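Shared between the two complexes below is chain A, which pairs with chain B and chain C, respectively.
Let's look at the complex of A and B:
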């Protein structure tokens, strides 16, 4: 049977590449698990009817092992339980310690906060008082400035008024209009002069003597 | 019927980190189904089974964490149980006793053989 299989394999080894390509394709392949040898290689001739001999067990050792294992398992269980209890107790303690530490920290923080708040309040009150004083001072100064400005404005206005009033003396009233027009018409102006660079007026050789007023005016 | 999958639990075991003819183990916390080269949940120690020039097999253990994990109920592989038994963290493993007994027997047998040899030599000389 085995030799037949070997023959088959020898012939089929040539088609190995083909088979491999079939394996790598998506066709479903059912094969037994066999790591070192390919699945189609038969059992070695020397191992054809090989049956593994069971490992010899020393009966005395076996009994001892069994007895010891019973104790061992229970001891390991108890160690496990002890460690678990120890762990939970330690965690409990740690939690308590944490809680206490937290409370102490919080109280310390609150104390610090209180101190800071009082200090900040004192500084703030002082600052606000100073600000209020400054503001009042500023208002006073502003009022004084306004008052000063008002006085100046009034003075200026008064001076302007006086100036205007002085100027108004030479104004022509409507009832004196005709008279003024007559006067202007009668008046004459002599422009027959030259002006030097320095602005001096040089009247001609024969100035108009008929209107002496005009000379006076110029 | 709901399908019941394989039972997966955490276990402390050796992970092979050596190469050919040079064993070196990490003691790691892993799932029982995960491969030994998987990234462990935690590395808990190392074990170098080859004796060094001072005839020492070097072991390092993170005892606190191992205790913690034992308390949490993770499983221990047999080699780790043996190692922890020798380290004094757990009771000595039964197999260690058996091995010691075998070694003792072997030594006794060797001694007996030597003494017999000596006796036979002495007889021949006489």
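Let's look at the complex of A and C:
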């Protein structure tokens, strides 16, 4: 784009660059905008060895200001150190206060804690005492129950024993076996009985009537 | 074509120490040199160097530099043997042997202790008001003028320095 412009009109690099920017962008050509040469363009011949003149300094003023600033900065530093010391002193005081406040708070808390502990201890001791008594009671009851049970067992065993002893009367000795056999053979069992609802056996065909002894024997 | 001067306007018009030393016997050991600028700034107070050790250093072919130590006298005060760091600057002048004795005679000494330095300073007004208020609140009687200690360490250090 710039090359074709150069063919048409002999323009300076600056104008060319401006025109190029105008063509590529949508903004109008406004030459009041500040311009800077692109980095690839060499320095102009008139500006090649340009060296700026140092800013003029009034020697008297310079010396006077130097002295005054020296003193002023020392003053400011003094004020700053004074304030720093004051602040550190205040911080120490605050730290002391904080420490004392913390200690007071802790002691108060310990006091409360002790109160609660005593109260809770009383309640706990009462409960523990009651529990102990209950336990002892329970043990006693258990022992008593065991005794009772033992006695019951003994009674039952005794009753059973008596039963068995009673039953043992009908046991057949081996010596008297022959007699027993003969007895059995001689005896007769009567199965001609009825049963009531309650389980009562009703012997004989006519249970209400009295049966003669001859029936039984036959 | 007319002559066109290029570059900064010169500030120093003397020689560099390297220029001076490479033309002297023994590299200039024992000779007296001084900085032109210091002689201008403090004409009555003598500042010079009496060279004690000069070690040549070849920086590049044709460029001979030195590491130079010398006994320093700064504004009339003796500062002992120091390394000269500004030998490169074009501000040095050699004192001829005949004039050495007269030149090195120190008549005026810049003594920092002669300069009055305050120990206390006036408190800034706003700070003064606040301090007075605090003292009243605490129940203390505030003084008329509150004085703050003046920390003069940096002040004295600057006054005693090369760029005072």
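Simple rule for what comes next: the second predicted complex is superposed on the first by the 128 of 218 C-alpha atoms of A that agree within 3 Å, B and C clash if a C-alpha of one lies under 4 Å from a C-alpha of the other, contacts with A are read in each partner's own complex, and residues count from 1 in each chain.
Note that a residue touches a chain if its C-beta (ideal position, glycine included) is under 8 Å from a C-beta of that chain, and two chains touch if they have at least 3 such contacts.
All figures in this text were calculated on a predicted structure; none of them were measured in a lab.
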Could you tell me whether chain B and chain C fit or clash when both sit on chain A in the superposition?
-> fit
Check the residue A:182 against both partner chains and state whether it touches chain B (first), chain C (second), both, or neither.
-> neither
Should A:163 be classified as contacting the first partner (chain B), the second (chain C), both, or neither?
-> neither
Kindly classify A:77 by the partners it touches after superposition: chain B alone (first), chain C alone (second), both, or neither?
-> second
Chain B versus chain C as contact partner of A:87, first or second or both or neither | first
For A:64, select first, second, both or neither according to whether it touches chain B, chain C, the two together, or no partner.
-> first
Taking every C-alpha pair between chain B and chain C in the superposed model, the minimum, in Å, is 8
Same chain A residues contacting chain B and chain C, which ones?
-> 71, 75, 79, 83
Mind pulling up the chain B residues that touch chain A in the complex?
-> 67-68, 70-73, 81, 90-91, 93-95, 97-98, 101
Would you tell me which residues of chain A are touching chain C in their complex?
-> 49, 51, 53-54, 70-71, 73-75, 77-79, 81-83
Within the complex, chain A is touched by chain C residues 4, 6-9, 121, 123-124, 127, 148-152, 154-155, 158-159
Using the touch definition up top, name the residues of chain A that touch chain B in the complex.
-> 61, 64-65, 68-69, 71-72, 75-76, 79-80, 83-84, 86-87
